[in-house]
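Chain lettering (A, B and C) follows the sequence in which the chains are written, and residue indices restart at 1 in each chain.
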Amino acid sequence: MKLAELADFLTSNGFPSQVDGQSDLDVTAVNTLENARSGEISFLANPKYRSLLPETQATAVIVKPHEDAPDGLTTVRTDEPYAAITATIIKLHGYRVHPQWGLDDHATVSPSATLGDNPNIGPHVTIADQVVIGKNVTIYPGCYVGDGVSMGDDVILFPNVVVYNGVTIGHRVTIHACSSIGQDGLGYAPINNQWLKIPQVGDVVIEDDVEMGAACTIDRATLGTTRIEQGTKFSNAVVVGHGTSIGKHCMFVAQVATAGSARIGNHVTLAGQVGVGGHLTVGDHARVGAQSGVMKSLPGGKEYLGSPAIDSMTFRRQLGHVARLSDVRRKVQDLQTQIDQLKQAMDDDDNNRPR
Amino acid sequence: MKLAELADFLTSNGFPSQVDGQSDLDVTAVNTLENARSGEISFLANPKYRSLLPETQATAVIVKPHEDAPDGLTTVRTDEPYAAITATIIKLHGYRVHPQWGLDDHATVSPSATLGDNPNIGPHVTIADQVVIGKNVTIYPGCYVGDGVSMGDDVILFPNVVVYNGVTIGHRVTIHACSSIGQDGLGYAPINNQWLKIPQVGDVVIEDDVEMGAACTIDRATLGTTRIEQGTKFSNAVVVGHGTSIGKHCMFVAQVATAGSARIGNHVTLAGQVGVGGHLTVGDHARVGAQSGVMKSLPGGKEYLGSPAIDSMTFRRQLGHVARLSDVRRKVQDLQTQIDQLKQAMDDDDNNRPR
Amino acid sequence: MKLAELADFLTSNGFPSQVDGQSDLDVTAVNTLENARSGEISFLANPKYRSLLPETQATAVIVKPHEDAPDGLTTVRTDEPYAAITATIIKLHGYRVHPQWGLDDHATVSPSATLGDNPNIGPHVTIADQVVIGKNVTIYPGCYVGDGVSMGDDVILFPNVVVYNGVTIGHRVTIHACSSIGQDGLGYAPINNQWLKIPQVGDVVIEDDVEMGAACTIDRATLGTTRIEQGTKFSNAVVVGHGTSIGKHCMFVAQVATAGSARIGNHVTLAGQVGVGGHLTVGDHARVGAQSGVMKSLPGGKEYLGSPAIDSMTFRRQLGHVARLSDVRRKVQDLQTQIDQLKQAMDDDDNNRPR
C-alpha cells in the first residue's frame, strides 16, 4: 500500500492524515519503532519513545501534526496516531484467521444442541444438552459448553474455555484460553462451625462485544445474575464474584478481582491487581489505579489510588507526607530543643533579675 | 411449598421459624429482593438491603424476629435468616444435577485404573495408570487424573481440572474448572548463577469436603505433603505453595496466595488477594483482611490488616494518623510560629528591662 | 546408598562433604526433618528449623560444617547444605517419569505438523497446521498447540496447556498445567467511547530452560515479540503483558503481573503478587519484595518494597515512622503544653515585674 493511499484510507475512516515526505513509498506491515524494517510503517504515540525516531528503520512513521521528525524521515501526520495505527494494523494485517474445523469428528456434540450456520468446532470439544449456538461461532479444541448454554453469533472461545450450565453469551463475544464462566461462587453458610454449601442457582450473562483474557473466572450468581455488559474488556486472570454486575465499555487490567454483589458502572477502568469488596458500588467513568483496594463505594468520574482506595490526589499527598516523616520527627526534636533553650533563658532571666 | 410447611421444615432443621402473614401462600423458588417475582421467597440478612423490602415482588421474605416489615408483606421470622434461606434454597432448588455420561466412550481410562460404583466420566477425560477412584464420582470433560491418584467417594471434578500424579483426594471434594493440583512448586537451587531444578518428590492431600473454585493451583511438596484439611473452601485463583498445610474449615477468598511451607490453622479466613509468606504460621480463627500481606507469623483469634499485616485496630489507627498528617505538619509549623513569638517577646522583654 | 558414597558423590559434584558419624549407614530417600523416617536423609539449611534436629528420625542430616548437632546424630557436613540436598534428591529420586503415550490414537495431529524423534503425545491433544516439534517432547493430554508453533527438544507441556499460533518455544522448556501462551493482550483503541480491538500481530518467544507454573498467562505482543529469556522460572498464575521482555535467570513468584512493554533485566527476583507497570524497566539483579507495585523504573542490584515500590531500607524506615505516629502526635501536644506553660510563665513574669 502506498503512503498516499494509506493517508486517504485513514482520512476516509475519520482520522484526517497527510503524508509529509515521499507519498509514493510502499508499506506492507506495521511494527514498533525499534523493530521496524524497510517496508514497514511505525508510529509515535507515547512521547517516551521519541528518542527512537532518529534510529528507526521504518519506511514511514505516523506522528502528531507538529511532531519534530528527523530530516529525511517520511511521516504520516494525524491528530490521533494511536487510533490511526490501529486502523492501519487492521487494514494491513487484519484479525487472526482461525483454523477451520467445520464440525470436527472428535468433538462431542449432544443431539439436543442447536448449532447455527457455519459452525467451526474443534476436536475434543464437548457441547452438552440443550445448548443453542448462533452462526459463525468458533469453538477451539478442549472447550466445554454446559447444559442449556445460549450463545450468539460470531462468538470465539479459545482452547480449553469452560462455560458452565445455563450461561448466556451474546454476539461477538471472545473468551481466551483456560477461562471459566459460571462456576459456583464462594457461597456457604456457617452452621455448627462448618461451611454449608448454598446451591448457586443463579446464572451469568455476558453481553455483546465483551472480550476477556486467559484464565479469567466469572462466578454464577447465588440467585439472580452475574452480568458483564456490552463492550467491556478484561485482561487475564480477572475474577468476578457471584452476583456482581459490570457496566458497559469497562476495562479491567490483569488480576483484577471483584467480590460478590459488587456494582461497577459504565466506562470504569480498574488497573492491574485492583480488588473491589463485596456489595460495593463504583460509579461510571471511575478510574482505579493499580493494586488499589476498593473498600467502600466510590463515586464515578474520579481517579482513585491506595488500599483502601481514596481520591488519587489525596493518596499522592499522603505518600508525600509519609516520605517526609523523618523531617517531621527531626523538626519536632528541634522544637523541643528550642523550647528547652527558651526555658533555660527564662530561668536565667529569673536568676539574673534584680529582686 | 406452602409457607406453613416451609416454616415447619426450617424449624425441624434447627432454625425455629414462624410465618407472620398468610401462611397458606405457595412459594416455588428463592430469589433476591430485587429480582424476586410472585411465587418466590426472598430474605433480608444484610441490613444494607433493607430499603428494598417495600418494593420487593416476593411472595414472602425471611427476616429476623423483630424486623420492621412493610404492611401487607408476609414474612417468615427466624433468628438466622441467612442459614434459613440456605436451607430453603437447598429444599426448593437442590444442588446442580450433573450430566450423566456413565463411562463415556471418548474418555481414555487406563486398564490399571480402578473405578468405584456408578462412575460418571465425561468425554475427553484421561485417567492414567494405577488411579483408584471411589463411588459416585463425577469427572467432567477434559480433566486429567495422573498416575497413582487416589480419590474418595462423591468427588466432583469440573471440566479441565488437572490432578498430577500421586495426589490424594478425600470424599465429597469438589474442584472447579481449570484448577490444577500437584504441579511442581518453585523449587530451584542457585548453582553457578543459574537455577537448578529440585525434583519435587512430595505429594498433595486434599481432605474430605474441601471445595475449591476455578483456576486454583496447589503445588505438590518438595518433600512430604502439601495438605488442605477437611471442610476448607477456596474461591477462584487461589495459589498454595509447596509444602504448605492449611487447617480445617478455613475460607480463602479469590486470589489468595500462600508461599511454600506456610502453616495455616483451622477456621482461618483469608480475604481476597491476601498473601502469606513462606514458612510462616497463621493461628486458628485468625481473620486477615483483603490485600493484606502476612510477612511474619500471626497468632490466632484476631483480625489483621495491611501489608505487612498487623493487628487491624492498629492498622486502622495508623491509617487515621496518615490521613491527618497534613494537620500534624501544619501544627508543627504553628508551634514554630508560637516559639518564634515567645522568643521575640523575650527579646523585647530583655530590651525593655531596666538595666 | 551408603553415607560414605553419598559424601563422595557430593564432593565430586562440587560440594565437598564429610560424614560425621557412621559412614556405613544406608539412605534410600530424602525427607524433611519433621517427616523423615529411618533410612531417610534430611537437611538443615534454614536455621529456623534447628529445633527439629534433636527429634528427627532421619538416619542422617546434611548440615553446615560447624553446625552443633545432637550427640549420636550422624551428619554430612558441607558448606552448602541446600545445594547438596538438591544433588542428593536428584541422585536418590530423580525427576518425574512421564507416562509414555508415543503418539496416542486419541491425539489430533495435523498432517502438516512435523514431529521430532521419540514423540510422547497424550490423548485429546490437538496439534495444528505447520507446527514443528523437536525430539523427546512430552505433551500431556488436553494441550493445544496452535498453527505454526515451533518447539525445541525435550520440552514438557503438562495437561491442558494452550500455545497459541506462531509462538516459539526453545529447548528444555517446561510449562505446567492450564497455562496459556500467546493469547491477545489488552490492546484496544478508544474510538467513540467504545474499545476498538487492535489486532495483536506480534508473537511470543520462550527461550531455553524456562519453566513456568500452572495457570500462567503470557500475552503475545501487539507488534514485535513478548520474550522470556533463558533459564527464567515462574511460579503459578504469573501474568506477562504484551510486548514485555524478561531477561535470563529471573525468578517470579506466584501471581506476579507485568503490564505491557515492561523490560525486566537478568537475574531479577519478583516476589509473590508483585505488579510491574507498563513501559517500565527493572534492572539486572533487582529484588522486589512481595506485594510491591513497581510504578517507575527501578535500577538494578537493589532491593525494593512497597506500593509504589521504593528502596527497601527507605520503605522499612517509613513503616517505622508510621508505626510511631501516635508518639509524634502526643509529642506535638506535649510541645503545645510546654509552650502554653512558657507563655503563662512569661505572663506571670510580666505581671510580677516591678513597673
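In this text, a residue touches a chain if its C-beta (ideal position, glycine included) is under 8 Å from a C-beta of that chain, and two chains touch if they have at least 3 such contacts.
A quick note: this is a predicted structure, and the numbers were derived from the prediction, not measured.
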item: Interface composition of copies subunit B and subunit C: same or different, split at half; value: different
item: Rotation angle superposing subunit A onto its copy subunit B by C-alpha atoms, nearest 5 degrees; value: 120
item: Whole-Å separation of chain centres (CA-atom averages), subunit B against subunit C; value: 25
item: In subunit C, residues with contacts to at least two other chains; value: 106, 124, 142, 160, 178, 215, 237, 255, 273, 291, 307, 322, 325, 328, 332, 335, 339, 342, 346, 349
item: Complex interface listing, subunit B residues touching subunit A; value: 30-32, 34-35, 46, 48, 82-83, 86, 89-90, 93-96, 99, 104, 106, 122-124, 140-142, 158-160, 176-178, 209, 211, 213-215, 231, 233-237, 249, 251, 253-255, 267, 272-273, 290-291, 307, 319, 322-323, 325-326, 328-329, 332, 335-336, 339, 342-343, 346, 349-350, 353
item: Subunit A to subunit B touching residues, read off their complex; value: 106, 108, 124, 126, 128-129, 142, 144, 146-147, 160, 162, 164-165, 178-180, 183-186, 188-191, 193-201, 215, 217, 219, 222-225, 237, 239, 241, 243, 255, 257, 259, 273, 275, 277, 279, 291, 293, 295, 307-308, 317-318, 321-322, 325, 328, 331-332, 335, 338-339, 342, 345-346, 349, 353
